[in-house]
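Shared between the two complexes below is chain A, which has chain B as its partner in the first and chain C in the second.
Let's look at the complex of A and B:
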């Protein structure tokens, strides 16, 4: 595959219109396998995991022994790393790859450019950490392993396909591919009422949001007559419908509402805490990083990157949504006594910070991507430590952690300080500065003030938690330690997150360059 | 908005006809109810049990597997009408078998997980 597809890719780059490819003569659409290599690698791995699960010997009727569980985990990990290598190859190769193109008017449904690479890289690195966390979660054998990794890989395929999608149908299919496996992953902790409740809540919220998005998209298609994002603005300009303005305004609002559900923005946030707490910690991490990044990728693609649509209509709405999201998320987080619930509301608040730059206009997308990348690293780390220490647990379990497990406590303190945006955790500080600069330069001073107030509110609960780590526990709480699970992979996951966050703190320019480039489309 | 007037009028007429017929029926018919007449009609047999009957949950998995094949067929029909035309050929044939292979993977998985055996 490698040599032929490389030359194939070169020919595509040479003629970006891609319609002049030699295959145009036939009715069959040419596929550039170099462009779709990363999701393809993940798909093949997912099939392999399913087959291994079906044919490897079972230790009992429904569960595998530890060695088979490990083999499946490492297969999944190898697939994600292979996909990451292919993504790096695409990045090194440079240029824009595009495939699934139609000739007239020229447009492609799948495009690999900067935004695709940034979101794809984020997803795959987060995927590695989530799989490492899963190895700890699955080590007690309550959860069917093959199904777990298969569903996880499917969600990752959706999350790396989504930022490459450049038509509305592809976008919805990819978004559903991220969402559907997550319901099942949430419900896989069988015989646990909380997990079933969380899965049903997530299912209902997700189905409703998909319906709303689809309604908006069908209006958009009806008004513009095209599915390709690059042609929608042109299609609307010569729309045959006399009152197209009203229809498109409604369509854009519906699409924003649909994605706001996915990223748990206020007023569509109420599901977050129950679902994060009910799901196992790796799934909560998946929801708060990968699923959220996918939601933002879709939002940024539709609203900002490809021909900004009706920005005079949606910009003020997004600004108000951002202000509400950060404020309500932070206020709810202050009252939490459970680690994962606190992280759930804090990630709602962080969604507000990511949305804020889009409240300036389409040009704010770069700062939103920058914040998202920083947020992903810090938040994933916090979830990984929560998994390592107490599988979530109440905040009281974390008192005096530094005396029992100094490394884990220091890592958690670092991530919390990063999330708060205080100096030792420079990654969070740089992320907030990027958003503030965008808001002030864009003349949305009021939103900058709201965000400053919120940063102070956030400081309260992050620092309270961080301080508890260093407070001696009143009585021995060793009995509340997590049950015996294989924690080595989880510790590796924490280490990966720490390294990435430290690199982002020392060399934030990497993220700034990647994020701001991605906004140029 | 005025273009919707006929739709609303048609809707109103529909409701009037339906409600009117039921009302006339009620006014004209004699009513002499007995306990036998008021029991649930179940094909002439005496009704058994409650309205909330339970069915075997294992049917659910078979329904699921059936849906896999049904969706499969939805894609097969349009494919079958075009794949022999000029310009399609071998690529189209192979593509469909790749798709069928993925579907078959699901069936193989169900078989290995002993979903297909009833007892």
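Let's look at the complex of A and C:
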């Protein structure tokens, strides 16, 4: 598994260049290494981690000692931070970088522009927090460390390549690169029936969704004759097939359905709770933030940003999907007694809020990105505290937390209030206001009302959980808390999330700048 | 009058919000003993009162219609949200009321026996104060909304931390119900924004809805009105109120009735009526109808109550009905009456809840049947204060409660042009019936509790009114007398602003 992924990761860039070459004037395309530097840095780190894992001394036959586990973790962390620095350099440099281009008709497969930077930044910051959480998760030694970080880094490569992908093949490859390592990560918690079940479930769902997406994409390719997103609309206009409309409609629907699996939108949501609960908490956080962001990046690229495609067909469908997703996610979350399951369904509901502005039309993409960025910060924080406190655990374990661990309880309360969208969690409030504004401005009043009602339903479970933190526990529950987890890195992860969310609360303009997608085309 | 230095003015208005916010934040880090904690709470709320008083003193009363002490800074350009604060004749009395009532609550807390989780309680109260003051100061639609929402979580905790046996359910009902109201309000505010492209309340009120087609104004007025009506609360959206009041601790009830409800009615005076005049005209008869139903319903519900706090809660529904009726007339008299009624209700009902809390404290129950009679004999001071507050609340001339009700009915006698006069005459008649019923239930209550032979329950050893209680209540008693005997003191402040936004019609 790991070796095939390694080859896959290392060679997909090169192989892609080779497949595109028949169109090119010269046999070898020039590669702009500045453009692909961040994923490249991650790929190198991934290889380094795997090599270190093999050559560093083992304490027993199967596992490393704590210091080696720590060293591997810090290597992965350094790689992600380096990739982040490269991304910042790209942002500071400004302008648009593109590579893997074909001259006739001019198009590039890998473009670093505003949306790439926004999603890349989100992914890498979330990646840092997930790695910090992993350090806590891996501290007890029953999970193979080298494989874990390698797979995690591969998923991050996919997640930052995806928003840069501007052709359909690249998009699918990047999406798979996000998905494949996650099954393995889920299954790495060996000797746990729940984890294996979750991995199989995730695998099946993901394979089905990939198949559906691929079918849609092949139809799009067949109807338009091009793989580059920027040429699809033009290609369809002069399509050789006379009755292309039906085919393209079906293709767009299939692509939406495929991505809807990835972001756990209703009716493709049923896997979410079991998988989140079965996987370890860092993987659940990865699924709910990084993998979801990748899914939305793909959806926004295909539907909204590149060339508004058949919007009269997909806009109402997305609006209905959004309404269903938020409602069903919230209703299911209300009944949960387990922290991670609750967060799983709540993140389904939040997917609905992210989808909602796309129900206005392609112009809603900006608000969707804004909500996604806010959501990523708050949700990641909630997962990190859940990891810190009880490795997930039942909601009853959180009663009276403020008396035992005031800092963790206050952080969790803040994230929950943010997710509910109430002050003092201003980040969540502004996120919701941005979406409501898009809906009211776009004249989709019914969806705004549905979302308003959902905000109230959501508040119910967030506030009951938050209130439980401040309710004195009837009997000591210390015994039920998780055994020795290395807490310091997780606590740093929580602190990073708190700082980011507080900054987003006080100066949300940062995020609104990220949502300015007008420069895209 | 000496001119105020340019810099001093924004510092005043910003410190009104910063002092309690900082006070609440510092409380998280401080580990204080109970006594020190009580002093800290007193000091912070007292310090908040200072800039409020300074603002009231430097306020230019000859230009009461104009926004003064204005601050206008960009905050979130991506949402068009500006940090725009200011006071005029409409908001200044409410700001002063809020700061005063919060301070008095801390005075009351300083002598209260309950000390468990005092720190959490105090930070919740201070945060609550930020939200309440911010709502009255905000001059940006979204900023108004943000502050409107700030109060929800602290109020939830005030009820849930110190409330009665059913506190959890009551707190949850309060927060869910009022959040539903405020998201509906948000939709209405965003509708105004999407049609006019500005969130500036001053500019919107100045243009008198010129950029808004009538149909949009009606939709926006209905959504904003619904959102505000939940908070006010208007019959039939009031059902969260009695539960919240019954379960809330004394200070929670005082601030809930004294200030939180006013945020709803203030929204009508600040946003709904000035910004959406055509919408207001179209919806006013409905608003009036719901208001008078509320008046009568509240009074009838009071007659049926056994619990003192629940009765006062229902009486709020009736009193806020008068306030809404005042707004519905769309006349200067009616709107002034509404604003007057707001303040009077804040003072009187605040006092009533303080007294009900004191009664509960001494007898261990607020159930009127269990209390029996004879309070005037056993606890003469408490009994007389309760009598005074009840008589003020039922609208005895010479006390503050009278003017709001009388002027609201007077406004209904001659509603604004374009509104059906016969209809409003009916409202006036029904409202008049309501005043009679109001007098009836308060007198029934007094006869059951303060008069008559002493009941089986004996008050605890606490005895009659204590010093800290007296110091919390006397300012309210004095203000009720002042505004009752000299209503012009308040009307002269509100009237210019009201005239300005109503006259262009």
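Here is the rule we go by: the second predicted complex is superposed on the first by the 490 of 521 C-alpha atoms of A that agree within 3 Å, B and C clash if a C-alpha of one lies under 4 Å from a C-alpha of the other, contacts with A are read in each partner's own complex, and residues count from 1 in each chain.
Everything below uses one rule, namely that contacts are C-beta pairs under 8 Å (C-beta built on N, C-alpha and C of every residue); 3 or more make two chains touch, one makes a residue touch a chain.
Here the structure is a predicted model, which is why all the values come from computation and not from measurement.
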First (chain B), second (chain C), both or neither touched by A:211: neither
Greater residue coverage of chain A in the superposed arrangement, chain B or chain C: C
Partner chain(s) touched by A:488 [first = chain B, second = chain C, both, neither]: neither
Touched partner set for A:331, first chain B, second chain C, both or neither: neither
Contacts of A:424 with chain B and chain C, given as first, second, both or neither: second
Partner chain in contact with A:320 - chain B first, chain C second, else both or neither: neither
First, second, both or neither for A:499, with chain B first and chain C second: neither
Interface residues of chain A shared between complexes with chain B and chain C: none
Contact set on chain B toward chain A in their complex: 85, 87-89, 91-92, 102, 105, 108-109, 112-113
Of all residues in chain A, those that touch chain B in their complex: 25-28, 47, 50-51, 53-55
Complex contact set, residues of chain A against chain C: 370, 410, 417, 422-424, 426, 429-430, 433-434, 436-437, 440-441, 445, 448-449, 452-453, 455-456, 459-460, 463-464, 467, 470, 508-509, 511-513, 515
Residues on chain C engaged by chain A in the complex (per definition of touch): 28, 75-79, 120, 127, 131, 142, 145-147, 149-150, 152-153, 156-157, 160-161, 168, 171-172, 175-176, 179-180, 183-184, 186-187, 190-191, 193-194
